[in-house]
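Each chain gets a letter, A, B, C and D, in the order it is written, and its residues are counted from 1.
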Amino acid sequence: MSEIKEIITELIKFRDKRDWEQFHNPKDLAVALNIEAGELLENFLWKSHEEANKDKVKEELADVFAYAFLLAEKYNFDVKEIVLEKIKKNGEKYPIDKAKGTAKKYNEL
Amino acid sequence: MSEIKEIITELIKFRDKRDWEQFHNPKDLAVALNIEAGELLENFLWKSHEEANKDKVKEELADVFAYAFLLAEKYNFDVKEIVLEKIKKNGEKYPIDKAKGTAKKYNEL
Amino acid sequence: MSEIKEIITELIKFRDKRDWEQFHNPKDLAVALNIEAGELLENFLWKSHEEANKDKVKEELADVFAYAFLLAEKYNFDVKEIVLEKIKKNGEKYPIDKAKGTAKKYNEL
Amino acid sequence: MSEIKEIITELIKFRDKRDWEQFHNPKDLAVALNIEAGELLENFLWKSHEEANKDKVKEELADVFAYAFLLAEKYNFDVKEIVLEKIKKNGEKYPIDKAKGTAKKYNEL
């Protein structure tokens, strides 16, 4: 079993033992992901990134991944496939010769 | 090479070809993750989850994963390890007998 | 009519001309607010605050306010009253002698 | 003094008593706003809007307003003015005859 499948299997096991699938529709999973992303971000509030607490970042990032994997599972997305596809698409939006060394958005390049 | 390592390798390659590491400090990566999580959520706004456009969900979820993986890489986190650790921790916050079938938060169980 | 009532009146007028009240339930308004907060934040991504485009910040902040006011209206909250109440409550969580000059969260003071 | 000026005056007083202006740069204020928007949204997670706790919604919405007002103040934006301007602009993006009764985004109308 691939690594990502293993992670998802554990997440599903956790969910099903608690009978939580009834709550996990894609919209609420996306809402949950946003909330966790906010909690992750809170570790950097009013400070530079060096001052963030690494252990807390770890826990909140794990929560972000959990909901991202659960959402991918809901739609039967292959995580590796969709990320590689998006990298390819972004490569067209951000051609190297224009995007190199600049943080500008693609519509401002 | 593991699946997740492969994904991260491709993300780093994309980043380095554009000389973007200078922008990718953990705080801004967490900011980027929040922005993408918001764009993902936009696909569900004013509608039920059945009405969401699956292809757009796919692309935005891929962006969320991209920044989550890049952030994990910054801290040298092993994604599988941190998610499994968090599942264990959540198992203590949400014991099955109390949490089964309810969407309540752990501090309200 | 008070300033805030005036703003809300205009927002409601805009909404009702388009027959959008049917979509504006509190959950989706909170979702919309999150999306707009993310778009606001995008103006600061990969850069310091001095580099943000003031006109874009203005527009996105206006959207944040629009949904915040619409949500307040849904619940019949008086904006001034709820903010002043929260300031009072935060004053107890952050007593001056402990909180002065530090960015720590109340549970770490 | 107008209602909004009054609110902002109280927020500034609270901030300055704690010597917090040093942390309140626009980027971190936008980050804080996102975090609070996430906490507001948490009240609607896994449930319909009728089930949300009104008192908690009130407190989190107050926090959202607090950071939105503080950000407006940083840029010397007049809140009423920027919201009315945005309503006007949105009126062009969403003409009544096309937008009436539909939740579609302007680029899909």
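The working rule: a contact is a pair of C-beta atoms (placed from the backbone, for glycine too) under 8 Å apart; a residue touches a chain by one contact, two chains touch by 3 or more.
Values in this document were obtained by computation on a predicted structure and should not be read as measured data.
S.K.: Count the C-beta contact pairs for A-D and for A-B, then tell me which is higher.
M.R.: Answer to which pair has more contacts is A-B.
S.K.: List the interface residue numbers of chain B and of chain C, divide the shared ones by all numbers used, and answer same when the ratio is over half, different when under half.
M.R.: Mostly same residues: over half of the interface numbers shared.
S.K.: Rounded to a whole Å, what is the gap between the Cα centroids of chain A and chain D?
M.R.: Roughly 25 Å separates the two chain centres.
S.K.: From the C-alpha centre of chain A to that of chain B, how far is it in Å?
M.R.: Spacing between the chain centres: roughly 2 Å.
S.K.: Could you list the positions in chain D whose residues touch two or more of the other chains?
M.R.: Residues 23, 28, 31, 34, 37-38, 41, 44-46, 103 of chain D each touch two or more of the other chains.
S.K.: Please name which positions on chain C make contact with chain B in the complex.
M.R.: Going by the criterion above, the answer is residues 23, 28, 31-32, 34-35, 37-39, 41-42, 44-46.
S.K.: Quick one: in the complex, what on chain D touches chain B?
M.R.: Against chain B, the touching part of chain D is residues 31, 34, 45-47, 103.
S.K.: Can you tell me which positions in chain A touch chain B when the two form their complex?
M.R.: Residues 2-4, 6-7, 10-11, 14, 17-20, 22-23, 25-28, 30-31, 33-34, 37-38, 40-41, 43-44, 48-49, 52, 54, 57-59, 61-66, 68-69, 71-72, 75, 77, 79-80, 82-87, 89-91, 94, 96, 99-101, 103.
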